[in-house]
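I'd like to ask some things about the structure below.
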Amino acid sequence: MLRFLAGRLAQILVTFFLFLTVVFLLFQAMPGDYTKQFIMNPKIPPEARKALQERLGLTGSVWDQYVHYIRNVFTGNLGVSFQHYPREVWDIIKERLPRTAVLFLVADLVAFALGFPLGKHIAWRRGRLSDYAVTVTGVLFYTVFTPLLAIVLLYVFSNVLGWFRSGGFLTPSLWLRPPVPPQTVFLLLTATVAGLLALWGGGFLVTRGIGHPRPRAWARRALVLLGLALAAGAWWQSGLGPYAWDIVWHMVLPVLAVTLISFGGTMLLMRDSMLEVIREDYITTARAKGLPDKVVRDRHAARTALLPTVTNFTIGLGFIVSGGIVTETMFSWKGMGLTYLEAVLQQDFPLAMGCLIFTGILVLLLHLVVDVLYAFLDPRISY
Amino acid sequence: MVGRAQRVRHKGFKLFGFPKEVAVRKAWMLVAAIGLWAAGQVLNIGIFEDLTTTNIWARIGPDATVWNTYVLAGQHGALYGPVPPVWIWLPSLAEGFPSPFVEGDGKWVATVKIRQGIFWTDGTPFTADDVVFTFNVLLTEVDGMRMALALGGNWPSYCPNSLLAVEKVDDYTVRFVYATEPGLGEWTFGALGCPIVQKAYWEPKWQAALQTEDPAGSLLAVVPEDEPILGGYDLVRWEPGAFAVVDKNPAYYATGETLVLYAGGGAALRNPKLNYSFEAYGGATGPVLYELTEGPYVDSIVYPIYLNQEAAVLALQKGEIAMFLNPLGLAKGFEDRLKATPGVQIISNPPWGFRYLAFNLRREPMNYKAFRVAIATLIDREYVAESVFQGIITPMYSAVPESNPFWHNPNIVVYGRGLTRAERVAEAVRVLKEAGFSWEAEPKVIHPGTRNEAVIGVLPDGTEVPAPKGFKLPDGRDCPELELLAPSAGYDPLRATFALYIEQWCRELAIPVKANLTGFNVLVNKVWAPDGFDFDMYILGWSLGNPAFPDYLYYFWHSSQDVPEGFNTPGYRNPEYDRLAEAFLAAKSVEEARPLVFRMQELLAEDVPYVILFDTPIKEAFRADRIAFPYTEVLGGIQFVWPLTTVKALK
Amino acid sequence: MAVESRVRLEPLWRVRARLFLRSFRRNWALFWESRIGPLGLGIILLFVLMMVAHPILMATVWDPRVYDPIVGFDPDLVGKHPAPPSPAHPLGTDPIGRDVLSQLMWSTRSEFALGVTAALITVTIGTLIGAVCAYFGGIVDAIFMRIADLVMLFPFIALLMVLRSVIHLDLVRLALVMGVFSGFGGITLTLKAQALTVKVKPYIEAAKVAGGSAFHIIRRHIIPNILPLSFLYMMFSVTGAVFTEAVLSYFGLLDIRMSWGIMIHTAESAGYLGAFGQYWWLWAPPGVAITLLCFAFYLVGRGLETLVNPRLRKR
């Protein structure tokens, strides 16, 4: 196992290095540079432009710039943003990442929680009308033109019903004198979601010991409720409740949009994996033993089918930046995706590269996680 | 990062002062009831991009975005400035006009008196020391380069190369020393418009920056907190990605100052607080045009950030915001929709800019004046403006837009103006033939005077007119394929469509023009290619800077700018124009400059290095039940009524 | 005796054709049984019809000066654009007076061209690499797998946003870039996995023993066996390509003169998008078209899955 991990890490390093090089070359190939924007103001003399280029590190040979850049990345320095000169890229990512993280973590979890059981059910009811109806609906949402969905949601829930604001992640009037900055609240929210997840997972493992299905189910439900109550209580006690609530309120529409788009993927994958598993001998055996359908489905089939679904889910988490570009634009949610879009449009190379590098690292790490997950979850694989 | 501007100087409203439980409950209600929360007068004004800095050196320098200007321009004052809506130049921190220049020792010296009784927000008086300090920072040479250049952005124009020193005469008098007698651009619209910072606050930071390897970088990196200011509004909070808030400065020196503008061109300034009054440009002559009293009347302005226009329009309709700022104005669709919203008022103002077609005079056949004239003749601005775009664009003809009557010359030649399609074709063919151009099959107009008259010999309608072909240069060679670069529909559908029409009109005459619609960056980098201009024709637009002094006329067409990455993209070289442009920059008064500008416009219109095409009127919407402007007719739109010290909140 | 001679007389191509027909019938039945596959196919046919009808309409009833999707303009409605649907313009006109239906139909062709070209390139590259990697393994495999890892690190839309300033992205180049890029990406992993299952089949061993060259074995034995899966992925690739183009056009980032994405972009930049019901003809036709075409190809893909993966079949 350790040898496997070491080998994998070495591979990851090589891939990452190549990735950095490609990113660098890509941005080198972009014509012009940030200082080109000064062409729009003839009063800026060429000397001033030269000075700025020097300050932004745009002079020197390509090789020098490359060495400089690689050294910087490996020492954790992503450079200084052009647009927000002289703010550090890392500082900007730190500011915006929590916003994107909470949004997509919640949306992906909800989508998973929706897609997983749905996929399980329709696989079991294969060929019935409900199977077709749910599949077609899932595919439709999965392939819907995202901006269109966002417009419809905004129109219905914000314009007609007036339940939500038309964008942004907080209500300015509430946040004029906040006790803590929104970043803190975003981080705490992420922690809450993670905590609830951990509680649920832990509870799931602990309650496995309970023999009877019914008390087990009750115990699990009680645990979930307890977790929710605890979280709500803690937020209330901290005095940050209204602030968190404001952010959660603003999250509803984007989360809904992302959920609708992505639950189909999970659902269809789950359905297919289930169908494949159902053909396995041990399922036939379990049925032959006269076990109830529900037990075979949930305890035998679904668990095996879970693996590819979880893999897909985990890897999908890595693409929150690109996925965020559309969603975040439509809902005025200034997170990583929008930051990247703006940086590219403004030719703010360090910031755009920083976003890409960050995504790259995230995806690589998640791939590693998936490998380890496989090792743990699939008894057939050993390293 | 958060709360870098978190500072509460005075409490216009008190909300979270009560015990926690109450605050919590209140806040829950507040989520639903936006807008009822403040005791003081508050305006909500939407913006579309976040601030990028709160540091004045960065804001005027590398971070000079329009959004930073909207929110932060109210902080710092300048000695003089052009005053909207008539753009006359008046003292702000200064007392009266500067003295005339006197030569001595080969240097040119003028003095400026500054007003007494002005205080910074920390209670210390504003004196000559602050002005001298500001300029000394800009004039400091580090590694052979002036700080103004090292800081970049707009600083070089506030501290021109000919400025040698700024010295204190006494606490309220400053002396400016120039190497040569400065023109309007270096003096009136240069150094005298420079924002002034407080010496006491910045001196230690500046000294610290000087000790570092890169003083300019260090100065730009300062995150100011509690910086004393002079202006009407001060930033009190910035929540990155969400909103910014400015509060009114209770110590603002100009509060209560009235400015009366007269039809005769005169202006009268009266500040009871400083016991100061000033009259200029003939004073009280003719009826009163505007009587403006400075506020600020609003306690606080919140600038929520909307990342798409749709959301902002919705917020305006719902009354969440009183208006939103957009330098390009409202698109037609938003206008149509907002017209129907009660309480929303839409105003239209002429733009201060133009979109144009440029020819590369260094290449064939664009170097033939006849060719340029023919293309200009073919371009039917009125048809595109009135029919295709249904009035959302205004046709333009002169290098100085009509909207600026002081500088605009209405009597210039406009090729093809008022002609029908058929007449344009006939005229273009005549001009081209006269210059020696020829065709294998010459274009002929068929069905003149009917709906189909514009169609040139391509429709078989009984009449057998061969389609024009084989356009040839005067020396008999085939005309090469010409590329017309224009922004793609994604960047600007108006220019993209206009380019397609020009392509079509040229192709009807067998002039091989091919429109190439590309992304903005690609286009700019082709036109301003590092080793020379690489284009045949292109369409872009300019926003023109200071309406009181159109110095772009020099930069865009003077031969000295015909260098790689210069601004004379067509490569226009006309000795007469050069002389006029130089004289214009060196002019000592606008009256002296005006006839020069008129003649320059005539030359440009005749030689057509540019075909000025059109621009869009600036449409802006605001809630007339929330916000009141002292005037709404202003060149470039009410976004130029900034920094909102004369604006009132109504609810 | 008679039977024998008949068989001997029948040329090989006819046997092949008959076999093909038989397997086609069987597969068609399976495809039909999936129900969602035929639904997708039906929708695609509808779009094909639209595509074919456009040049015919332009040549017969539609005056090009009015109905040209890019520089058309209806002078009879000056001041009324965007005009709501009317007999002359069944889907109304856009903010600068062009016929929406004509734009919609005209764009269908480019969407198909783009989607199918990109998908073909993707699948061709993916199949070749998958087969080669599976057959040779070793260093060849390692190189291509690292490339695939690398490609998968890039968020695709984000990458194209940068590429568009490097190369002038018109429709053809966009299709090329998308095709090549995704061809080297994740699809190689899937196809390689499939090829590996083929590689261990006894007949491959037999072919090797019989002295078949690597090229011959890959071409005649491995590729034909992974082609169905490739075909399936092609459908998903079409969805991906069309969607990507639409998103980029919607953001105004492509240099295409007209497409469904551009139509929505035009409506948006002119400020008509959020009025929803009031100007529905500006955004609904292209929006629904993008969604439906992506949806249709995806459904066909899903339908084909039952052919490729017998475990997904009912029985």
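Which chain is which? They are A, B and C, in the order written, and residues in each are numbered from 1.
Rule of thumb we're sticking to: a contact is a pair of C-beta atoms (placed from the backbone, for glycine too) under 8 Å apart; a residue touches a chain by one contact, two chains touch by 3 or more.
The structure presented is a predicted model; accordingly, all values stated were derived computationally and were not measured.
Asks: Pick the pair with more C-beta contacts: A-B or B-C?
Replies: If we tally the C-beta pairs in contact for A-B and B-C, the bigger total goes to A-B.
Asks: Would you kindly say which chain has the C-alpha centre located farthest from the C-alpha centre of chain A?
Replies: So the farthest one, by centre of C-alpha atoms, is B.
Asks: How many Å are there between the centre of chain A and the centre of chain C, using C-alpha atoms for each centre?
Replies: So the centroids are 27 Å from each other.
Asks: Can you give the whole-Å distance between the Cα centres of chain A and chain B?
Replies: Chain centres of chain A and chain B, defined by C-alpha means, are spaced 41 Å apart.
Asks: What is the distance in Å between the mean C-alpha positions of chain B and chain C?
Replies: Using C-alpha averages as centres, the distance is 46 Å.
Asks: Going by the contact rule already set, what residues in chain A reach two or more other chains?
Replies: Residues 30-31, 151, 154, 159, 329, 347.
Asks: Which positions in chain B are in touch with at least two other chains?
Replies: Correct list: 310, 314, 521-522.
Asks: Among the residues of chain C, which ones contact at least 2 other chains?
Replies: Correct list: 165, 251, 273-274.
Asks: Using the touch definition from the top, list the residues of chain C that touch chain A in their complex.
Replies: So the residues of chain C in touch with chain A come to 35-36, 39, 146, 149-150, 152-159, 161-163, 165-166, 239, 243, 246-247, 250-251, 264, 273-274, 276, 283, 287-288, 290-291, 294-295, 298-299, 302, 305, 309, 311-312, 314.
Asks: Tell me, which parts of chain B touch chain C in their complex?
Replies: Listed in rising order, the residues are 309-310, 313-314, 330-337, 386-391, 488-491, 493, 497, 500-501, 504, 516-519, 521-522.
Asks: Provide the residue numbers of chain B that touch chain A in the complex, in ascending order.
Replies: For this pair, the touching residues of chain B are 1-3, 8, 15-16, 20, 23-24, 27-28, 30-31, 34-35, 37-38, 44, 50, 52-53, 58, 62-63, 145, 149-150, 152-157, 214, 216-217, 220-221, 237, 239-243, 245, 302, 304-308, 310-311, 314-315, 318, 320, 521-522, 524-525, 528, 542-543, 545, 551-552, 555-556, 561, 565, 567.
Asks: Tell me, which parts of chain A touch chain B in their complex?
Replies: 30-32, 36, 38-49, 51-52, 55, 82-87, 91, 94-96, 99, 151, 154, 158-159, 162, 165-177, 181-183, 236, 239, 241-243, 245-246, 249, 328-330, 332-334, 338, 347
Asks: Quick check on the complex: what are the chain A residues that touch chain C?
Replies: Touching chain C from chain A are residues 11, 14-15, 18-19, 22, 26-27, 29-31, 126-127, 132, 135-136, 139-140, 142-148, 151, 154-155, 159, 268, 272, 275-276, 279, 319, 321-323, 325-326, 329, 340-341, 344-345, 347, 352, 355-356, 359-360, 363-364, 367.
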